[in-house]
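In what comes next, chain A is part of two complexes: it sits with chain B in the first one and with chain C in the second one.
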Partner chain A sequence: MKVVVNDIELDLAPGTSAIDAVFAAGDDVPYFCSQEYMSPIGACRMCLARVGSPRKDRDGNWILDEETGEPKIFWFPNLMATCTTQVTEGMVIDTRSEAVKNAQNSMVEFTLINHPLDCPVCDKGGACELQDRAYEYGDGLSRFEFDKRRSEKHHELSELITLDRERCIHCKRCVRFFEEVPGDEVLDFIERGSHTYIGTVDAGLPSNFSGNITDICPVGALLDASSRFRGRNWEYDHTRTTSMDDATGSAVIVDARTGRIERVKAALNPDVNKTWIDDGTRFGHEYVDSPDRLTRPMVRRNGELQPVTWPEAAAYVAERLKGLSGKDVGIVLRADSTLEEGVAALALAEKLGTGQVDHAPRPAGSLLPSRPATLTDLATADAIFVVGDVTEEAGILDLRIKDALKGVTPPELLPHGVPIADLRLKERMPRRAEILTVAAPYRVDLMRHAGASHLYPAGGEAELFRALTALAGGGQLTDEQRAALGADEAAARQLVDRLRSASDGVLVVGGFALARREAAEAARAFARAVGVKELLVGPMANSHGLELLGVLPSHERYAFPGMLQEAKALIVSHLDPAKDPDVAASLKERELLVVHDMFLTETARLADVVLPARSVYEKDGTVVNLEGRFLPVRAAPVEAGQAEDFTGVVRYLGEALGERLEGRSVRSARRVLKRRLELDLAELPDNGVIPRLKARPAPKVTTREAPAAGGNVLIAPSMARVEYLHRNPHLNAAVGGPKLSVNPADAEGLGVMDGAEVRLRVGGVWRDAVVRVTEAVPAGLMTLPALPEQGVGLVQADLGSLVVDQVRLEVAS
Partner chain B sequence: MIELETTTPFFQDKQEVVDEILSRYPEEGRRSALMPLLWEVQRAERYISEARMHEIAEIVGITATEVKGVLSFYSTYHEQPVGRYHIQICSTLSCALAGADEMYDHLVNELGIVNGETDAEGRFSLQKAECVGSCGTAPVLLVNDTYYERVTKSRCRHLLEALRRDEMPEPWRERGGDNEGAEKATPFGGAEGGEA
Partner chain C sequence: MSVLDIAKGMGVTLGHLFKRPYTVSYPEQRVDIEPRFRGRHHLLRHPDTGLEKCIGCSLCAAACPAYAIYVEAAENDPDDPVSAGERYAKIYEINMLRCIFCGFCEEACPTGAVVLGHEFELADFRYQDFVYGKEDMLVGTTGSKWQRREAAAKGKEVRIGVEPAPRPELEGVDY
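Coming up: the complex of A and B.
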């Protein structure tokens, strides 16, 4: 479609908006209310332009200009908001004439009438759309002599977000965000005219995605409470990297200043997270700056851990290893270690000659799907079946599923990037809830958006999938199978039919089903039976990658946590198995315990050698997300003392052992990966690639699985990482601590009230939690968030061990 | 948190009212029932409490925040209890020319409350309103939904006396538009018209 923008002729796809035509021509037009991936509404009136188009006469011929003989341009009588105007054949857009300039000037003046002039103390200063646009398109003068609107300057919308009501320019981005993206209308305009303000009647912002509104606010009205007044925008070092918070590999920008992470913002990756991240990813970084971080290696001498240098610590370890056979050494990484760290661990294991190498948490089922779906497949699916709690597990999945419910395919990228105004998107679009079915052992958030839900008995994932597969095979169900469905048989039949007749069906398998191999295999069999693609949600950022790389034990016995008993010497990275007192007792009997961690954990307290570890924000490396997408991780300039990642550990240990091991640095590990995967990870683009790998993935060790054991507590995924929650004060306040969700009937039986702080032993591990009494969990089942050492699944809690802290009642006098 | 006050749902025993209101709109336009439902509550309780917002949100399938967004947009819905006699004074041009400001001052003096307030007794509340569509008979005030037109000082006094006795006087009928003759408009602050 031919369009002319300020004398530049363009060929654009039908349906493009006029504002995108202007940007596609390399020109600029100011705007505040439009936002990538959200509906254009024409609210701010900043993007006005003079627009005209040729007309056809009754015979279908262009009406020609008598003088030039060219099609005559009929101009719209008024200036048009380009964000809500669709281009037509031959349209002419003019953004440079006096009339347009006057209009822009006037709109800037109007928008600034009630906007305070507190840019010098505003966190947005220097990165503010209003500031930039006022500078570019305003004339710098105000004729408004009256008092400005006065309003609340520090309104806490939630523990995470502070609203300055004076600065708000009513662009409606935040209001639309909640309705359009996560689909929960949390915020709205209250009052009218110049009294209008953003508000909610809810307590806080009940959404896992609330932080995104601080990214899209064009002014300094909505601010990230954790970074407020921490620095000016031009002082930050911006590092574009990949989040290691969950398995989706969302693109983020880490802003650091003077060696401290001040905030994490969402970055654009059109194929993964678009421009959104969940609150766990955004606000879960404060632990990195915790004052109790380990900064120097330590060696136990005379029963005390004493600071030493890295070579001293490595020499000590090498000396102690001499007396042991290499195969008696166990090495375990946490599942958010990079591929390069995985290579390092494998190189060290090979040098020592041990098969006792693993990563944790690692689900029993494999994470490498046979018919893999991408996130784009998910967002364009016409039938989706989710088993699990993806909103907590990997928030971006939740948002991409909601994209699919809208039925709008991801937009084609234009020369300037994502369309600023995608005219297919509308406010309050109808959602195709019927294409989504969600199954979980308790009521999960996504069920509110689903056409059908299955509440199956906890631990019954294998039975659920087998019953569904039986339905797909046209068989009759037994009573037991019917009970396993967690919904009536007609609904299940409808689900099976929908998945089978779908051309782009996707099965999303969360942690509950992957926790047991028989369930994971039943899920795979079901996907095959109905012919849908699979998306398997690993417990941590690089679960997929580390399995692909083969950071796996040579025998079932050597898997974590069995390895803790088997090995005589242990090198444990970022894991704290000693949270379980029984494990702690057995760790004391190991001949050598080396702990590589950021904090002096329970396990580190028992260690012979403690090595300071880098946080996920301080590493360079590569991570593979749940789609199999290789994504680059880059280190932000953060002060971390002498901390090293696992490649550093292997470098020093190798030197002490007298060998230059492969994987002694990120570069050396990448050379290995290049050989193995034929992929140059140093050249990886920001948005990553899904390579077609020739190398066969390492097979998972075959193990026999004990029959499903019952339990009364379901360890469930959590958006906020519980192991760091008490070091993330803002996020902790927002989520209300690690929650033990209890059905009202059970709460009465246990004698606990909502908000009570409790301590109980769950599956051996002592856990602190805050009771939340809720109907969402069925009677007889409690849920507790997962830890790296205590993965998702059903466990037995010793209710006799329950210690309840006195509940404090505050009575207003 | 301890719930000190438990509220009975307003529509608990009014299912037929809800059904009737919902039946006016197609299923996909269920949210349109918001306005009449709000009105139903306000007519009975003279304001819409937060508990009622949640209840209505539940009925029409939207969030309470959205309900508040709509009701706060309209000045005729109240979030605070108003008096039994909610007096609205038109303060747009025609009434302003005919002395609406003086009428307002007079009422402030008489009632001891200002715009947006309710008296301690809960009898009167006062609100300035924009044009109520009766310019020909300015100045105009409304007591709840009843128009009192071409208000003079003495008419105002009689009206307040009656309301204090909890009597709603019949509104005097006026033929709008005459600026001459027997029905000539008398500005509120001007010389008293003889009759009352």
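Coming up: the complex of A and C.
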């Protein structure tokens, strides 16, 4: 479709908006209300341009200009908002004439009438769209002589978001975001005209994605409360990296100043997170700057941990290892370690000659799907079956599923990137809820958007998938199988039919099903039976990568936590198994315990050697997300003392053992990975790649599973990482602490009330939690957020150990 | 060159011999300083409320060509504000070794909070003593860190080497 923008002729696809035509021509128009992934509404009137197009007469011939003989351009009588104008054949767009300049200048003047211009104290100052556009397109004069609108300057919308009502220019981005992207309608305009303000009737912003409105606000009206007044935009060091918060690998920008992380913002990765991140990713970083971080290695001497240098600590470990056989050493990483750290661990294990190497948390089922789906597949799917609580596990999955419900495919990239105004998106679009079915043991958030829901009994994932597979095979169900469905049989049949007839069906398998091998295998069998692609959600950021790399024990006996009993010496990175008093007692009997962590955890207190670890924001490396996409992780400039990542540990240990090991640095580990994967990870683009790996390893599962046993507490995934929650004050205040969700009937039986602070022993581990009494959890089941050491799944809690507000209660069994 | 020329030249010398000398016997005597001299910075307060003018916006730090200023802001307690408005400077530091006394900070300041005064005796012994914090610069503080330390040790008033001339801009800015 031919379009002329300021005398430049372009060939654009039909359906392109005029604003994108202007940008595609390399020109510029100002805009405030449009956003790449939201509906264009023409609210701000900044993108005005003179637009005209030729017309056809009754016979279908172009009406020609009598003088030139060219098709005559009929100009629209008024200037048009280009974001809501669709290009037509032969359209002429003019953004440079005096009339357009006048209009732009007038709009800047009008927008600034009630804007307080307190840029020096505004956190957006320096990165503010209004500031930039006013500078570029305004003439700096105002004829408005009257008092500006006065309004609330510091309105706390939630613990995480502060609203300055004076600064708002009514672009409606935040209101549209909540309705269009997560589908939680929590904000709206209240009142009219110049009295209009943004408000909510709810207490706080009940959404898991509320932080995104601070990114998209074109002015400083909506601000991140956790980074309030922490620094100016030009003072931050911006690091474009990949979030290690969950398995989706969202693109983020880490803003640091004087060695502290002040905020995390979303970055654009069209294939993964678009421009959104969940609140756990955005606000879950404050623990990094916690004052109690370990900054120096320590060695236990005379019963006390004493600071030493790295070479001294490494020499001590090497000395102690001498008396042991190499195969008695166990090495375990947390599953958000980078691939490079995985290589380092494997190199160290090889040097010592041990097969006791593992990463945790690691589900019993394999995470490498046979028919992998990408996130784009998910966003364009025509039938989706979700098993688990993916909103909490990996928030971006939730948003990409909601993209699929809209039925709008991801836009084609234009020369200037993602189209600014995608005219296919509308406010309050109809959603195809019927294509989504969600199954979980309790009511999950995504069920609000699903056409059908299955509430199956907790721990019954294998039975659910077997029953569905039986339905797919055309068989009749037994009563037991019917009970396992968690919904009526007709709904289940409909689900199976829909998945089978779908051309792009996706099965999303969350942690509950992956927790047990038989359930994971049943899920895989079901996916094969109905012919859909699989998306397996790992418990942590690099679960897929570490399995792909083979950071796995040589024998299932050696898997974590079995290793804690088997190994005589242990090197534990970022994990705290001693939260369980029984494990702590057994750890005391180990001959050598080396803990590599950021804080003096329970395990570190027992250790012989404590090594300071870098946080996920301070490492360079590579992470593989749940679709198999290799994404770069870059270190933000954060003051971390002498902390090292695991490659550093291996470097010092290798030197002490008299060898330069292959994973001794990120570069050295990348050389190994280049050999093994034929992929140069140093050259990885920001948005990552899904490489076609030549030798795809067969799923290798080496986990010793406890026999399936019932339990009364379901360890559930959590958007906010519980192990760091008390060190993330803003996020903790917003989520209200780690939640023990209890059904009202059970709450009565236990004698606990909503909001009560309790302590109880769950699966051996003492857990502190805040009671949330909710109908979402079925009677007889409680849910508690997962820890890295306590992965998702059903466990038995000792209700006799329940302590409410430090007062032990007699609990009737 | 004739004898006359030499006599002319010596005449000039002779003439100056009986003029009032320009030399000031500093430090016994105080120095006259031109009104636009740029010396040590002062941080001002609003004369009526006593609140600090500085809002911690860091624009001075951004304008500083020598990277001599470090500002860290925080939010005011509405019941006990430090400055007018929401934001105040929790930390405001100028490294006087780095500072080139160009006065760009003064120009950049949107509230007229930082001005360069007439004090110039900034010599000191240790590097860290050249980093001036808020307490060293807030209006009402006289003398450099060293001068105040000396005065405190000797139990005397701080005596600076310049006549503390009235500076209306230290009292408030006319808008």
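In this section, the second predicted complex is superposed on the first by the 795 of 813 C-alpha atoms of A that agree within 3 Å, B and C clash if a C-alpha of one lies under 4 Å from a C-alpha of the other, contacts with A are read in each partner's own complex, and residues count from 1 in each chain.
Criterion: a contact is a pair of C-beta atoms (placed from the backbone, for glycine too) under 8 Å apart; a residue touches a chain by one contact, two chains touch by 3 or more.
Because the structure is a prediction, the values reported are computed rather than measured.
Superimposing the complexes on chain A yields a three-chain arrangement in which chain B and chain C fit side by side. Of the two partner chains placed around the shared chain by superposition, chain C is the only one that A:232 touches, whereas chain B remains out of contact.
By the document's definition of touching, neither partner reaches A:117: not chain B, not chain C. Of the two partner chains placed by the overlay, only chain B lies in contact with A:186; chain C stays clear of it.
Once chain A of one complex is fitted onto chain A of the other, the partner contacts of A:490 are absent, as it touches neither chain B nor chain C.
For the three-chain arrangement built by superposition, the Cα-centre angle with chain A at its corner and chain B and chain C at its ends equals 80°, in steps of 10. By the document's definition of touching, neither partner reaches A:141: not chain B, not chain C. Taking all C-alpha atoms of chain B against all those of chain C in the superposed arrangement, the shortest distance found is 28 Å.
Taken together, the two complexes place no residue of chain A in contact with both chain B and chain C. Against chain A, the residues of chain B that register as touching in their complex are 2, 28, 50, 53-54, 62-69, 72-75.
Every residue of chain C that touches chain A in the complex is listed here, in rising order: 55-59, 61-62, 70, 72-75, 85-87, 110-111. Chain contact summary for the complex, chain A toward chain C: residues 118, 120-121, 125, 153-154, 228-232, 234-235, 258. Listing the residues of chain A that touch chain B in their complex gives 184-192, 199-202, 430, 809.
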